[in-house]
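Two complexes, one shared chain (subunit A), two partners (subunit B, subunit C).
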Partner chain A sequence: MGNENRIINALLKLHIVLCLLFIFAPIAGSFVFSLNSDRFPSLPLGEFSTEWYRLIWEDPLVWQGFGNTLVVGLTVAVIATILGFGGAYTDFRYNFTGKSVYVALALLPPTIPVVIMGLAMLAFLSRVNLSGTTISVIIAHGVMCSPFAMAIIRLRLSQMDPDLEAASWNMGGNQWQTLRYVIIPFTKPAIFAALFITMAVSFDEFAVAWFVSGLNETLPVKILGFLQGQVSPRINAIGSLAFLSSMTLIILAQLLLRSPEEEK
Partner chain B sequence: MTKRPTLFSLILSMPLLLWQLLFFLFPLLFLVAISFWTVRNFQMTPDLNFGNWERVLSRGVFWDAYFRTMVLATTAAVVTSIIAFPASYAISFKMSEKAKRWMIFILIIPFFTSYLVRVYSLQVFLSDAGIINAAFAYIGLGPFPMLNNAFGIIVGMVTLTLPLVVLLQTFSLNFVNRDLIEAAHNLRCGRLRTVFAVIVPSAKVGLVIAALFAFILSFGDFVSPLYLGGGNPPTLSIMITDFTKSGQQWPRAAVVAIMMIITLLTAAFAAVTYAYKERGK
Partner chain C sequence: MKANAQMEQQSEAIVKFDNVVKRFGNFTAVEKADFEIGRGEFLAIMGSSGCGKTTTLRMLAGLEDPTEGAIYLDGEKVNGKATWDRDTPMVWQSLALFPFLTVQENVEFALKMRGVGKEERRQRAEKWLEKMQITEFANRNINQLSGGQKQRVALARALVTEPKILLLDEPLSALDAHLKVRMQAVLSNLQKDLGITFVYVTHSMSEAFSMADRVVIMSRGQIEQIGTPEEIYREPYNRFVAEFLGSANIFDGVVQGPAGADGWQVAYEGGETILPKSERPDARQGQKVTFIVSAENMQLSLPDSGQPGIEASVAGEEFIGGTAMVFLETAGGQELKVQKSHDELSVLNLHPGSKVVVHWESGSCHVLPGENK
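Up next is the complex of A and B:
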């Protein structure tokens, strides 16, 4: 029996390793390929080369895309976090008729397929003459990112002692002062985490941005353009850099959420 | 707390509501409206024309794409669920709390990588002259066609959905009452039988919801079918991008989109009903 258990446990471990390999091989692959001289890498791998990084460094279109991504990402992070904070606090504090509809409407966007979101956004925004602008990408990403911000901040609020707010009111603090001196300091780690995570989501979103961005393409939309063209290992170089920046944001967010007590 | 909403509560709650009404719900409703509009000289004009619906729904191409997408997404959901389950089981039942937290963190990472870049990388792995076939060639096998066919599409969809499905399954398995399992063992219920007679039924809701999410993501995915499947014959999401980007046929694209939403809502309703159905009734 004990022997059998050990075999089963070893097989389960092996299965997990294989799953992780399957999930991370493409990500690790794109790193390796980005530093490889071959246009289409195969076994055996070609020589080490930073050629693809030099090419994207010198490509003004990549820089332009990067600029757009940055502007969109930063703006979306702020908007989505403010909207999400309001939604999270509303869900935490108030009871009202139609609350479930309110929460559903707030959290539903990520479940709608991106092609459908893209088409709906394009049709609507071009009707109000906004399609093809950076603003349209910001609007669309605001819709898609605010649910994440709301979920993160709501989770933090549920860890708060409800008496804390009552204590503040009892001591004569009005709602605004309570928000300023009690709620916001308590949720601060989650607010920063929400900023970073929504920024990371916006950085990688390509489908809806592709539908609505027109000529103001963000970097992921540029990658889509490269994909439609010929084989280009520049995708790997851009992807690796994008991965590093997203990972930085996620790790920052994780650190903030992990040790909320030290954060005062 | 008074019953009447205060200015404070309105200032906090309204921005999100207005944003999602104006930029989420309204565009989706607008999509329904334009499915009845007509296109003349590349200009859409408001109308109440059922022509788009007739033209799309009477075509064999649409229904071929519909069933193709359905089969692909269902296969992806089933395959992903089966691959994910042993992993989720091991994470939930065999790992320490600390290892569990690490696994969850590792599984969240893929959500923040570009799916496009991963698919491009998969092309390099899967093509006839790619990494995997080159490895097979060393031992005198292959090449196996893995790109531009259904296999490539399924690989892409599993890459997309596996981390999420493992996470959702793990969360649902974490809620399975550990006493039940011990009781089963005490009653001499074998390991495998415990999994299928005790663990799977008690985690059923979470397992079904996880499969549902895999189905929804795969059903709407246009990247795998296009860049790993070759794009031909098209799936529904490729039809939408084609109608929108090259054809300027937004009303017809809207028809396809609405059909997709109806299908997804039906699938979600069926899955949730099934998940909460009492056993043996």
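Up next is the complex of A and C:
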């Protein structure tokens, strides 16, 4: 540790603090103003108030949006995790020509600009008469989220001693038994992490949902609706809650992915 | 007739490799493996990495399918039979214990896969935990165990179905020297107690020779020699085996003619010697022979002793327990090794560069039958 430079260390720490400040200050601000009685965000602050939370609590539109978000998020998490697991296991288990193309295609969706993705989804889903339904949001989000699940589960599988699977076969477990009693137990932490992260991605996703949701708007789409109508501190309240729920999911996922060897 | 042959197979060999070839693309991993493994035998398959020993074992386990030839297990041809339908448990080099299961659950695994009920599973697993002296760790996680304890779990897990044959793929390679010797004793005793067949793949000569009834030596997919450790050590079949064992000096010679009633006069680079006729009864003048003289059968004299032999200079010495291996170099550049006790060496007072004369009794020459056929 003798060759550490104090000044460089201090500068690096300052850099990190500034980065975090830059990222979290607006969110913290919105949280602070969500508890402020003033109509407009301005300093000095007014009185402490839970008025805005009461308003959204009583707003049926918010509940409707939240309900849609929840239904979509839960369904998408399950579907995307199953798809992601399938993709990751195929990659782990089999070697075939064109495998790199397969993996690249499977991981592609998040790299497509969301507007293009949303338009394409809208065009396709309206052609098959699914546009404007909750199912259409689930399909679109499923496509966007499964690569995240695949990446997480693939990482976990890459940490697995390939002999574990062969050992299970060797001890009389056929391929299905091995999947159930070896592969899934081993990847369990990653499977749960994938569930939480895909749910969080679906919760926050706005653009594609805006294109395909029609009347079944998810919460982020509703928020835009509020913003277009009027500026209201209710946005701050909704934003704070959305942020808290997403962070909870991400932190849960991180806890699951931390030092997997200690997991049982 | 056929039934008869099958009966015979049942009683004698538990495994038969019938001209088995395994190719991966253009690479031939195993070439014409043709041998049998006896019931209750401890067979070691030895060779350096990439020689095909693990592939041979995996074919027996059903994890690879032969490209050509047939494998018989207990008289039944098992080509194409999935590993989960055979009872050929394997102890893995990586041990491959399930980290998400307890010791007890690991041992019960094979029974669970076979649909054995919970209570019977527990009892049978406990019996093996006890046998392997790991009962106290039954509820531990795998990563709370030491290397030797893991080894015992791996053995208990493989043996819980009471198989007729156990396959071991370099199971001791990760252990330190002391523990390795202890586990060798455990394995040896276990095999004798159970009376089942062990097929043991290793690159270590000391492991193979100390435990096995017979040893198969492989190199580049070929079987170079099969025999008891004594046979292989005394009578290596060819140059590869002799070099692999590493304790013999190899000479290329040409038969000059008969020497007395039961010897051949043989010339080699640097000298002449007499080979016992029994080593190559059909030799004729001018025929090439390759023979070995083991390091401990070589004698050393000082040049002024007048003893005929090969002149060489000392290149170095290496201690091997109570003896030392002296490395020599002849004028012709051939490297020789001579193993002697420290007492004998102290008389000669050797140091690097010393000149010595190397000689041996004619009876200690052994012709490699696999060379110059």
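Keep this in mind: the second predicted complex is superposed on the first by the 254 of 264 C-alpha atoms of A that agree within 3 Å, B and C clash if a C-alpha of one lies under 4 Å from a C-alpha of the other, contacts with A are read in each partner's own complex, and residues count from 1 in each chain.
In the analysis below, a residue touches a chain if its C-beta (ideal position, glycine included) is under 8 Å from a C-beta of that chain, and two chains touch if they have at least 3 such contacts.
Here the structure is a predicted model, which means the values were calculated and not measured.
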Look at where subunit B and subunit C land on subunit A after superposing the complexes, then choose clash or fit.
fit
With both structures superposed on the shared chain, find the angle between the C-alpha centres of subunit B and subunit C as seen from the C-alpha centre of subunit A, to the nearest 10 degrees.
100
Does subunit B (first) or subunit C (second) touch A:Gly172, or do both, or does neither?
second
After the superposition on A, what does A:Asp161 contact: first (subunit B), second (subunit C), both or neither?
second
Looking at the overlay, what does A:Thr111 touch: subunit B (first), subunit C (second), both, or neither?
first
Between subunit B (first) and subunit C (second), which, if any, makes contact with A:Ile139: first, second, both or neither?
first
Per residue count on subunit A, the busier partner among subunit B and subunit C is B
Please give the least Cα distance, whole angstrom, that subunit B and subunit C reach in the superposed model.
8
Which stretch or stretches of subunit C touch subunit A in the complex?
61-63, 82-84, 87-90, 92-94, 96, 98-101, 109-110, 112-114, 141, 143, 157-158, 161
In the complex, the residues of subunit A that touch subunit B are 8-9, 12-13, 15-16, 19-20, 22-27, 29-30, 33, 40-43, 82-87, 89-90, 93-94, 96, 102, 105-106, 108-109, 111-116, 118-125, 127, 139-140, 142-143, 146, 150, 175-176, 179, 200-201, 204, 206-207, 211, 220, 223-224, 227, 235-236, 238-239, 242-243, 246-247, 249-250, 254
Subunit B residues within the subunit A interface of the complex
1, 5-6, 8-9, 11-17, 19-21, 23-28, 30-31, 34, 83-84, 86-87, 89-91, 94, 103, 105-110, 112-122, 124-125, 127, 129-131, 134-135, 138, 158-159, 162-163, 166, 191, 216, 219-223, 227, 237, 240-241, 244, 250, 253-254, 257, 260-261, 264
Inside the complex, what are the residues of subunit A that reach subunit C?
161, 163-164, 166-174, 177, 181-182, 185-186, 188, 261, 263-264
